[in-house]
Amino acid sequence: MFGFSRPQTIAFLAMLALIIVCPFVLYPVFLMRVLCAALFACAFNLMIGYVGLLSFGHAAFFGMGSYVAAWTMKTWHVDASIAIALGGLTGGFLGLCLGYLAIRRSGIYFAMITLALAQMVYFFCLEAPFTGGEDGIQQVPRGRLFGFIDLSNDMTMYWVVAAIFIAGFLTIHRIIHSPFGQVLKGIRENEPRATSLGYRTEDYKLIAFVLSTALTGVAGGTKALVFGIATLTDVHSSTSGEIVLTTLLGGLGTVFGPALGAVVMTSMENYLAQFGAWVTVTQGAIFMICVLAFRRGIIGEIGNALKLRL
Amino acid sequence: MMTIFGIPGPLLFGQLLLGLINGAFYAMLSLGLAVIFGMLNIINFAHGALFMMGAFVSWMLLNYFGIGYFPALILAPILVGIFGIFLEKTIISRLYKLDHLYGLLLTFGLSLVIEGLFRNGYGSSGMPYRIPNLLQGATDLGFMFMPNYRGWVVLAAAVVCLATWAIIEKTSLGATLRAATENAPLVQAFGVNVPRLITLTYGGGIALAAFAGVLAAPIYSVNPNMGSNFINTVFAVVVIGGMGSILGSIVTGFGLGVIEGLTKVFYPQASATVVFVVMVIVLLTRPRGLFGKAA
Amino acid sequence: MNLSRRTMIAAASAMPLAAARAQAPKPTLKIGCLTDLSGPYKDLAGPGAIAAIRQALSEFGIGGKGFDVEVLSADHQNKPDIGATIARQWFDRDGVDAIVEVANSGVALAVAGVAKEKNKVYLNTGAATSDLTGAQCNGNTIHWVYDTYMLAQSTGGAMVKSGGDSWYFITADYAFGHALQRDTTAFVTGAGGKVVGSIAYPFPGTTDFSSFLIGAQASGAKVLGLASAGSDLINQIKQSKEFGIKMRLAGLLLFLTDVHSLGLDVAQGIVLTDSFYWDMNERARAFSDRYSAVVKGTRPTMVQAGVYSAITHYLKAATAIGPVQSKADGAATIARMKAMPTDDDCFGAGSIRADGRKLHPSFLWEVKAPSESKGPWDYYKRIATTPADQAFRQLDKGACPLVKA
């Protein structure tokens, strides 16, 4: 079902159980932040794990999705579903424009180009009046979903966010386990061969990029509604770096890795926030340790030990 | 007051000078990056953090040891360069066999650690570093008012960049370096100690960044964010100039600084994005960069 | 000085302070100090503000009043989303009843919104924007110490009167800078002057203002209005000297710690507005001596004095309506604070208006020349006083929804 193998189905059901149980034990707003980060990481993982392209500027799509959702919600009081959908569309459209430029190169160049393009988006957001600059867009109402579900209650919002996450997660999984996904894997393994077989690899990569950025935009839009605020932090390069770390920590190219990475990272940030810049130092240290000794990430190592693909 | 195209002279030349100064920093930093990338095939994300360390070391030398600016110009690069060599030997050398992307990630993590530690220790608002007495004051050139220190920065940067270029392109050491970039095993077969060459190159690139840091200290106030403020633009400069081209980095660095300065005169809101816009144009028309070798 | 401040950060942020312990469970009021602990406003607020809270607590005498007080602190890093998240978490999860300080107008607006949503108390001492008692006012917020209107009226008005009738602004690009520029522009144009131009710089993070200063000089204006604060302002003043800027500098929000950083030789002659100066009268001197006994090597700025004053009044109100009621209903506590007249060593006798504006006189100071200064921290001489009823924007002009026309 959905292309899950047996161990993966078990893992998925375990994740579902956690999602259902946790809000009764833990602070729901914290959990919502975890879920948004997890969706962001899963969308990001689509590019690095399955297409093999490291995008260092994904924050641009997250942040723009966040801004658009916040602004439409605050100014036009649209339905929450429309605000989030607009966030996703913004992410996708921006991904189309930036991806068109970046896909021409691969490897390190792709990373650097995405970084630089994201910086451009950051500076645009800094200047553009609608983003509110340093103050951000504040006091964004949560509004209603589908016209009748009132989202101002934290628990109700939580279930909605959980549903969005599960939907996004399954969508990504479906993309990977489809003929399209198979071609992507082929491109990752041996691009010249795929080209010689007649596949227009540039187009496939671009489509994957757009899908990834669209889902990232959805994550951003959801986050804006949960916290009622969209700021420059969402488009800043440090957010891009963070999502790379999250996915790396969880396990690049694994199914459940990004989600677990998001849990670990968000918890760590929460705990360390009172200590100021130690968050940055710890993130950097984890980055370095992961690259040097722990390249498969948590889920990757577990999967390797159990000889499973997770 | 003289006007050019309706723009007052002091404004135009003032911004041009500032643009040259920014360009000087872009040039020095992208030069270091180009040298390191050429030899080690590593994108040294930590370059900005090491630039910042250069500024901090000069501040520490002044405030803890009473060592002034001019000795710091030599000492700080040496000290930070040694630290860079230490990094290379312990951490970075492990990555040579891996995909280049891991180098990027590792040095990114390194930059986070370094910046975070300094931010913890010194806060993020910055500490002042006085302009040395010799370079204080300003010269009224008639068409513009030039603070002496800033003129010195452009001069020092130009000299250092040209010296580096001369070493790499015109000396036998440079020739060996370039040969080792092309074909390391062959050069090693000739009896050259290539690993040591690589280590020294990394140290040299870092020292260049630290030197830029000392130059920057009086202008920007020594603060932990100064590196990250620059590094993203420097990456764009490197993409525009072409990776691995020494001359390309220098020319592009200074050139983009000037373009940025001019943009500040005519259309200030775009000044931060103009470098990236140029990058987009270059990517569309000449993807390997203005001076880059064919991919 | 570095070491004792660092010790304070470690001490204050690592564990919450508990006052006298009693065996029977007493209600505990929790105060959260949300401030800038690492950025450009660290010196004027920061750890000094936390120390001021402790001083207010110890002088109020918690033990015998039937409740405990706990103090938490956090660094908002000048980011509204971090500030809002911390505020939300403090109110929701950690049972904090009052947030104080917040030296950043963008964060302040966000926190005020959260305080209203959760019906808690927000005492703003550090942020400047007059919007907090204007369009964005609410029944859970009180604005202490100063605001952009007070600065504009005092410094701006004085500058224009002495011939500075053309202005160019260099503005921190966020709520504070915009509000300050807006309020000062109103005074400049109201007095017959004009604003020739302005430029906004990215905040935080800009340390080199040379290109903005060159643009300012080229504008030909007589006065350079610096709508910034903290280390940004320090850098702007220093670099103005470096570039030989001939315009008159209006440091619209200059603090004692900034003058200390600049040094009297650079700062002399600059005119500024503060509502508190450590040496302004007997009571202020007494408070400052007590403060400096704890926070060595420095004197309190008006923000830190404001924290002391706000917490003192908050505790009086909480005692009056009872701690349990105070914890349960922030708006009621605020209403009580507005009903009671204020009196403390820092600001003397004063009152709080319906829109949340604390009223006290404002003072125009000039920075002394090095030869006039008789000792450490002896920096200001008083030029003028504006009485409380004129220092702040009139009640009906603020567009505050709480004020019925």
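For clarity, chains are labelled A, B and C in written order, and residue numbers in each chain start from 1.
The rule is short, and it goes like this: contacts are C-beta pairs under 8 Å (C-beta built on N, C-alpha and C of every residue); 3 or more make two chains touch, one makes a residue touch a chain.
The structure displayed is predicted, hence computed values, not measured ones.
Peer 1: With chains as vertices joined when they touch, what's the shape: line, ring, star, complete or other?
Peer 2: The chain contacts form a complete graph, every chain touching every other.
Peer 1: Just grab the chain with the largest centre-to-centre distance to chain A, centres being mean Cα coordinates.
Peer 2: Using the mean of the C-alpha atoms as each chain's centre, the farthest one from chain A is C.
Peer 1: Determine which of the two chain pairs, A-C or A-B, is joined by the larger number of C-beta pairs in contact.
Peer 2: The comparison resolves to A-B.
Peer 1: What whole-number Å value describes the gap between the mean CA coordinates of chain A and chain C?
Peer 2: Each chain reduced to its C-alpha mean, chain A and chain C end up 39 Å apart.
Peer 1: What whole-Å value do you get for the distance between chain A and chain B if each is reduced to the mean of its CA atoms?
Peer 2: Here chain A and chain B have centroids separated by 33 Å.
Peer 1: Enumerate the residues of chain A that touch no fewer than two other chains.
Peer 2: Chain A, residues with two or more chain partners: 126, 276-277.
Peer 1: Residues touching two or more other chains, restricted to chain C: which are they?
Peer 2: Residues 37-38, 77, 202 of chain C each touch two or more of the other chains.
Peer 1: Considering chain B alone, which of its residues make contact with at least two other chains?
Peer 2: Residues 119, 124, 272.
Peer 1: For the complex, give me every residue of chain B touching chain C.
Peer 2: So the residues of chain B in touch with chain C come to 8, 10-11, 14-15, 18, 119, 123-126, 128, 131, 138, 140, 145, 147, 149-150, 219-221, 223, 225-226, 229, 261, 264, 268, 271-272.
Peer 1: Over in the complex, which chain B residues touch chain A? Could you list them?
Peer 2: Interface residues on the chain B side: 43, 91, 94-95, 100-102, 104-106, 108-117, 119-120, 124, 228, 232-233, 235-236, 238-239, 243, 269, 272-273, 276-277, 279-280, 283-284, 287, 295.
Peer 1: For chain A, which residues are in contact with chain B within the complex?
Peer 2: Where chain A meets chain B, its residues are 54, 56, 101, 104-105, 107-109, 111-113, 115-117, 119-120, 123-124, 126-127, 237, 241, 244-245, 248, 276-288, 290-292, 295.
Peer 1: For the complex, which residues does chain C have touching chain B?
Peer 2: 37-42, 77, 199, 202, 204-205, 207-208, 210-211, 214-215, 217-218, 230-231, 234-235, 238, 242-244, 261
Peer 1: Can you name the residues of chain A that touch chain C in the complex?
Peer 2: 27, 29, 126, 133-136, 138-139, 227-229, 231, 233-234, 273-277
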